[in-house]
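Below, subunit A partners subunit B and then partners subunit C, in two separate complexes.
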Partner chain A sequence: MTDKVESKYSKRSSRWKLILLLLIVALVVAIIFCLNIGFAPISFSDILTILGKQIPILNRSINSSAVSTVNETIILQIRLPRVLAGALVGAGLAAAGVMYQGVFRNPMADSYLLGASAGASFGYTLAAIYAGSLALNFFGFGIFQIVAFVGAVLTVFLVYFMSRVGNKVPIATLLLSGIVVNIFILALQTVFELRSGKALIGIVAWIAGGFTNITWTNIYAVFPFVLIGTVLAYFFTKDLNMLAMGDDTAQHLGVNTERVRQIMLLTGSLITGAVVSISGVIGFVGLIIPHMTRLVIGPDHRILLPTSAIVGGIFLMLCDSLARIATGASELPVGVITALAGTPFFIYLLRKRKTIYSL
Partner chain B sequence: MNMVLLSVDGVECRYGSVKILENVSLSVKEGDFVGILGPNGSGKTTLLKSISRTLKPHKGTILLDKTDIYSMKSVDLAKHMATVPQESNIGFSFTALDIVLMGRNPHMKRFQMESEKDMAIVRKAMSRTNTWHLADRPINELSGGEKQRVVIARALAQEPRVLLLDEPLTHLDMINQLEIMDLVKGLCRTERLIVLTVIHDLNLAARYCNSALLLKDRKVFAVGTLDEVLTSKNIKSVFQVDALVKKNMITNSLYIIPLSPEKPSVPRNCSIHIICGAGTGTLVMKALVDEGYEVTAGVLNMLDTDYETSELLKIPTVNEAPFSPITEQTKQANLKMISKAAIVVVTSVPFGYGNLSNLESALEAVKRGIRTYVIDEVPIESRDFTGGKATALMADLKKQGAIFIKHPSELPTLVNATHDLIELRKRGQAEIPGHMKNVDKPVVQPVGGKESH
Partner chain C sequence: MNNKSIIYIATIIIIVLIASAAFIYTNYNTTSNQTAAQNNITNQTAAQNNITLVDDEGYVTNLTAVPQRIISLAPSNTQIVFAIGAGNKVVGVTDYDHYPYNFTAWIAAGNMTSVGGFSTPNKETIASLHPDLILATSINDPDVVTLRNLGYKVLVLNPNNVTGVLQDISLVGRATGADQNATALVDTINNQISAITAKIAAANETKPLVYYEVWNDPLMSAGSTSFINDVIVKAGGQNIFGNETQQYPTVSSETIVQKNPDVILLPTDMANPGEAPFYGSVNQVKARPGWNAINAVKNNRVVVVDGDLFAEAGPRIGDQIDAAAKAFYPDLFNSTT
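Now for the complex of A and B:
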């Protein structure tokens, strides 16, 4: 038995690589599948041809004469940005969720609970009321995105510093201040909305979350945040494992706990702020995807972080595709789909594995 | 080989403005196993926290090999020092092996996976703590003892020079306690580890540690070898408990027998003499001492259980040499002691030719008018090894007015009543109220020694 344990562990690294490879393949398949969904019927062979044409070297051997330019525009300018945005936002939210849950050793820790969504919504509301006509563009972010981003990041940091005692941040205090700040900002937002009496519909739609107006510019703006943030977080995955043992123990094992916590919090907030700024508030993904993934592949953050990101991407992408076609003409908010689709599956996993799932 | 030295110098810790540790100094060298002792709230855990770099002292320094640990990076300190916390509350369901592998973290680079060498070290640590068979199990499914052994394995996987333990035995049963202490002691001897442990059980500390630090009111009360620190006097002043410190012949270590915390019993100016032996008097002596009486006993053979009790309770006794019959001289000494007593109690001690004279002394006491209680828990016939002489004396005792009771638990009430009567007489009340005349007698007079059990 003992030798079995050892060989299992020595094979762990290659097992992890295999899991990641399979998930990346699944991601690509899912992207192509989602590109197929929509009112204009475009065949898989056309989709592959259009995509293949975009790849240098490969495109020389592809004959695209059979594909209409209209279809090409639909795929490349309408569906692809939207599908990729879903993947990107899902990946970002799930990765940030892993960071928050790891840092705070708490299943309820989530960037939204710490005020990111409230801050972003409030920022968006302010922009809609006072600066709606400002044609600002900053590395692909419009004024709405910038303000939402700043709102999200500032709020998380406000919560963090509010709950700081000495040079430590007790988790209970942090979550409580998060809840309080959330309520406070929601109240402020209501006051501003009612006083202004305008732009209400836009705000409500944005807060419900979705990918209706996604452009390539948005993708270019958000992609670096998600990619760099996740890669940066990967440097600290071993530290996150040890933080699960509690702050003191992590410290005794050589982790600079407070520094890791600050870096993770900053990274998570930047990712959340960035994705929320283009997607609006989409709940559930950051909270549930890391849980689901942990139930299946275990708690080690070295594999949990990348797999959660990919699973989150696939999940949100599929949910968005469903949102596009679910009710015919009018779209369902994607947040509704994520909750409807994810909850039953999560409950199933929880019941099945509850004996080993203790938090 | 370099001498590893941990030195704590003038450490003071505060929470806000409240001092929680004052001026603690301690020097520990390799192979030392130091017990940090003291009552709750005396600062034991605080001291351990400041040594483990969790709670920075307000004043003072903690040096490991002449380097201030607070100037080291936590990862560098973790290569030299491992800590086993009081309780391990682990957030996610890592396997036991995952947990122990984390002990290798300080020795690994950021992106390094565990090498074969790391695995070998981990396997050794887990075999030593008898946890290798648990490697695959999620940590949250393990029992308290198993979990604690896994955490100790993790500490060992760090290959530390200094091991800090914060009440490592709290939730463990006896065999787990002994195994863990044996293991740590072994590491101390073979690997020359420095071990500091916060520990509540003075007997385990006495058995395993080779020196101790005793804290009281957040200050060092005593520090040094066990013989120096674990004295009755120190235990009394720090824990407010009377304790007997003895040497255990089997383990060759000190052992401590705590007595109940001192009760502020009202001293009664009344002496009671107990005739007992073979352990039959132990409970009675303790009960009467607790009631505040001046208790005496005799004649007791030295090394008898009741003799040891009398020593513990600091009761004056008349003694005879071990395993020797009572001589006339000792008997007279005992009678002299009895003559000072207001009450005499005879317990259900077996009588042989060696101690038969104790019964004669009791009879003498009754004849002198001293109120005498005979605890007749075991029928005299079954504990008479004198061919009937003891039984005859017992009958005489009854005839002369000794009061027979069935169980020692009845004694305190009766004795108190007698005491009250004596007090009343002393104050010169000519007439004792009628309803009080028989209060010092059992409600139902048992038929002495006739029933069987």
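Now for the complex of A and C:
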């Protein structure tokens, strides 16, 4: 009997490892593919040469005289950070989505539920109106990113502490507080938008989401949040599995439901705040990617979390590539592409499987 | 979660934080130097041609040579560059540039490159044009940060009144080595405006109350901090919302009727100059409920003005003020045309 259980477990384990390996390979391929897409026509071999030059040992055997410095700047300073940001933000949003859906046990939960997007947008608006001309440079972090991040995190904390009753935070209260705070901040946002004058176009464009101004510093700033957050969450995936069976059952199985919720919400919100501060509010990824992955792989959070993260990263990178080239020199907001592209694919998956795994 | 897991997590966190801090620190110091070297185009002797410029946001930029490849991120900037005779150095404009040439046709024919719209100038396009000077406005603030980090020289022009525009013309003149042309242009404009102001002062008539409608739904006008307000004031009018500090306040129909303007200015569509206001006809505006009590409607002084011209803080401000003065004092300015 134990042999059968063990072999089933190791089969599933190796299946998971294979899936993850394949996905990582797919991610690398997608990154290189997306580097090829952009306004400036740079040949594939040039791109490989430029990348190869950056690898310490390999670059001795690479002849790079044919590649112009302008193209090198474009690839290394503009396109590469942008593509990587797409992967990072996509992974972060999807991972946060998995965490939120696990905590709320609700398929409609996404990481913006507790006000991270409202807080970030409002912070950005304030910064754009009152501090736009401050060429403030805190180690390369613009004032906009800092204020957006602080806004997101403060809002989530506000919602959380508003909903505390003694030592517990009832889920329904949390949801309601989130909705109320979102509405409130949206109202404030509207007032300030009307007062913003020239800054309005920039504010609206930023909120719609986009990667037009990504620099390497943005990546270094956000990467720790996404990596640490996802790794941390991974240690709680077993708990999330048990949480899915209901609070009482989970508690009987030894899960400290309150603590797990706190940590998951905190982690998810920090990740969301960090990625929104560089990319604006990109919808759809946090909500639907976890579902898409769940339909294919199953609801076990131990595989769902890393898989959703990688799938989210690939998806957003591809959408951003489309946004870059869709309309000549100007760009479409990335959030538009994610919704337009993702919805039909999601419907297809849904029809094929005919169920959503309930949490 | 047992102790082992906690140790794992703590180790990972510490490693990642140290690595990121190291990356940020080293990259912050070297990036701008590297890319500035990569973007250095001219080989002219630096010492002689060193130009120090302070833009409208107080940022100091140093040019080591006269720029030969200029990108403009706003129509008003493009117009200034062309007006002072440096137009042949412009290599990139926005999708919204229509003056003084048909840039859309130029772009289609491949003789000019578009860098995109107002809020999303395309960094790759800009990089592939390798400019040595970029003229932005405060709308582009976030992009300006990125462009400067990439090593480009960016001047932000943000005029809020006529004086600001004239200062910007001088600034661009200094930046492009066209100082003399710029000074001449500033003098011409100043003379044009002084002539108008003097004529109005001499006539000693009461200043007409003016309402400028920026948008119809919701009704929006121009406040004291807007450029439009300055044009109205210089043309001898009194903006009925000239006490509002907001640049473009939302207003109510009732307030307009109560303030009873003598002249109403309606802007035309930027793409169709000379036609009716872009959201309806003059008669529709006059027919608004309660508006028949307004002096401007009663005396048929609802004037359609070129929205493009009025909205731009560019070298045509003399003409803007002229058009406004004609609307405010038709008897005074009829003969001069």
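Just so we're on the same page, the second predicted complex is superposed on the first by the 334 of 359 C-alpha atoms of A that agree within 3 Å, B and C clash if a C-alpha of one lies under 4 Å from a C-alpha of the other, contacts with A are read in each partner's own complex, and residues count from 1 in each chain.
Quick note on the criterion: a contact is a pair of C-beta atoms (placed from the backbone, for glycine too) under 8 Å apart; a residue touches a chain by one contact, two chains touch by 3 or more.
Just so it is clear, the structure is predicted and the values come from calculations on it, not from any experiment.
**Q** Going by the contact rule set out at the top, does A:His291 touch subunit B (first), subunit C (second), both, or neither?
**A** neither
**Q** Does subunit B (first) or subunit C (second) touch A:Glu6, or do both, or does neither?
**A** A:Glu6 sits against subunit B, while subunit C stays out of touch.
**Q** Who does A:Gly142 touch here: subunit B (first), subunit C (second), both, or neither?
**A** A:Gly142: touches subunit C, not subunit B.
**Q** So in the superposed three-chain picture, is A:Arg261 touching just subunit B, just subunit C, both, or none of them (first/second/both/neither)?
**A** neither
**Q** Hey, is it subunit B or subunit C that touches more of subunit A?
**A** Touched residues of subunit A are more numerous for C.
**Q** Looking at A:Gly38, would you say it contacts subunit B, subunit C, both, or neither? Reply first, second, both or neither.
**A** A:Gly38 sits against subunit C, while subunit B stays out of touch.
**Q** For A:Phe235, using the defined touch cut-off, is the partner it touches subunit B, subunit C, both, or neither? Pick first, second, both or neither.
**A** In the superposition, A:Phe235 contacts both subunit B and subunit C.
**Q** Quick one: is A:Gln251 in contact with subunit B, with subunit C, with both, or with neither? Answer first, second, both or neither.
**A** In the superposition, A:Gln251 contacts subunit B only.
**Q** Residues of subunit A that sit at the subunit B interface in one complex and at the subunit C interface in the other, please.
**A** Common interface on subunit A, subunit B vs subunit C: 235.
**Q** Touching subunit A in the complex: which residues of subunit B?
**A** 49, 52-54, 73-79, 81-83, 85, 88-94, 97-99, 102-103, 105-106, 108, 110-111, 113-114, 116, 119, 123, 132-133, 135-136, 138, 140-141, 154, 158
**Q** Show me the residue ranges of subunit C that touch subunit A in the complex, using the header's touch definition.
**A** Within the complex, subunit C contacts subunit A at residues 1, 5, 8-9, 12-13, 16-17, 20, 23-25, 27-28, 31, 35, 38-39, 57-59, 95, 113-120, 122-125, 127-128, 130, 137-146, 148-150, 156, 158, 225-226, 246-248, 250.
**Q** Using the touch rule from the top, collect the residues of subunit A that touch subunit B in their complex.
**A** 1-2, 5-6, 8-10, 12-13, 105-106, 235, 238, 241-246, 248-249, 251-256, 294, 298-300, 355-359
**Q** Spell out the residues on subunit A that touch subunit C in their complex, using ranges where they run on.
**A** Touch list, subunit A to subunit C: 38-40, 69-74, 77-79, 128, 132-133, 135, 137, 139-140, 142, 144, 194-195, 197-199, 201-202, 204-206, 210, 212-217, 220-221, 223-224, 227-228, 231-232, 235-236, 328-331.
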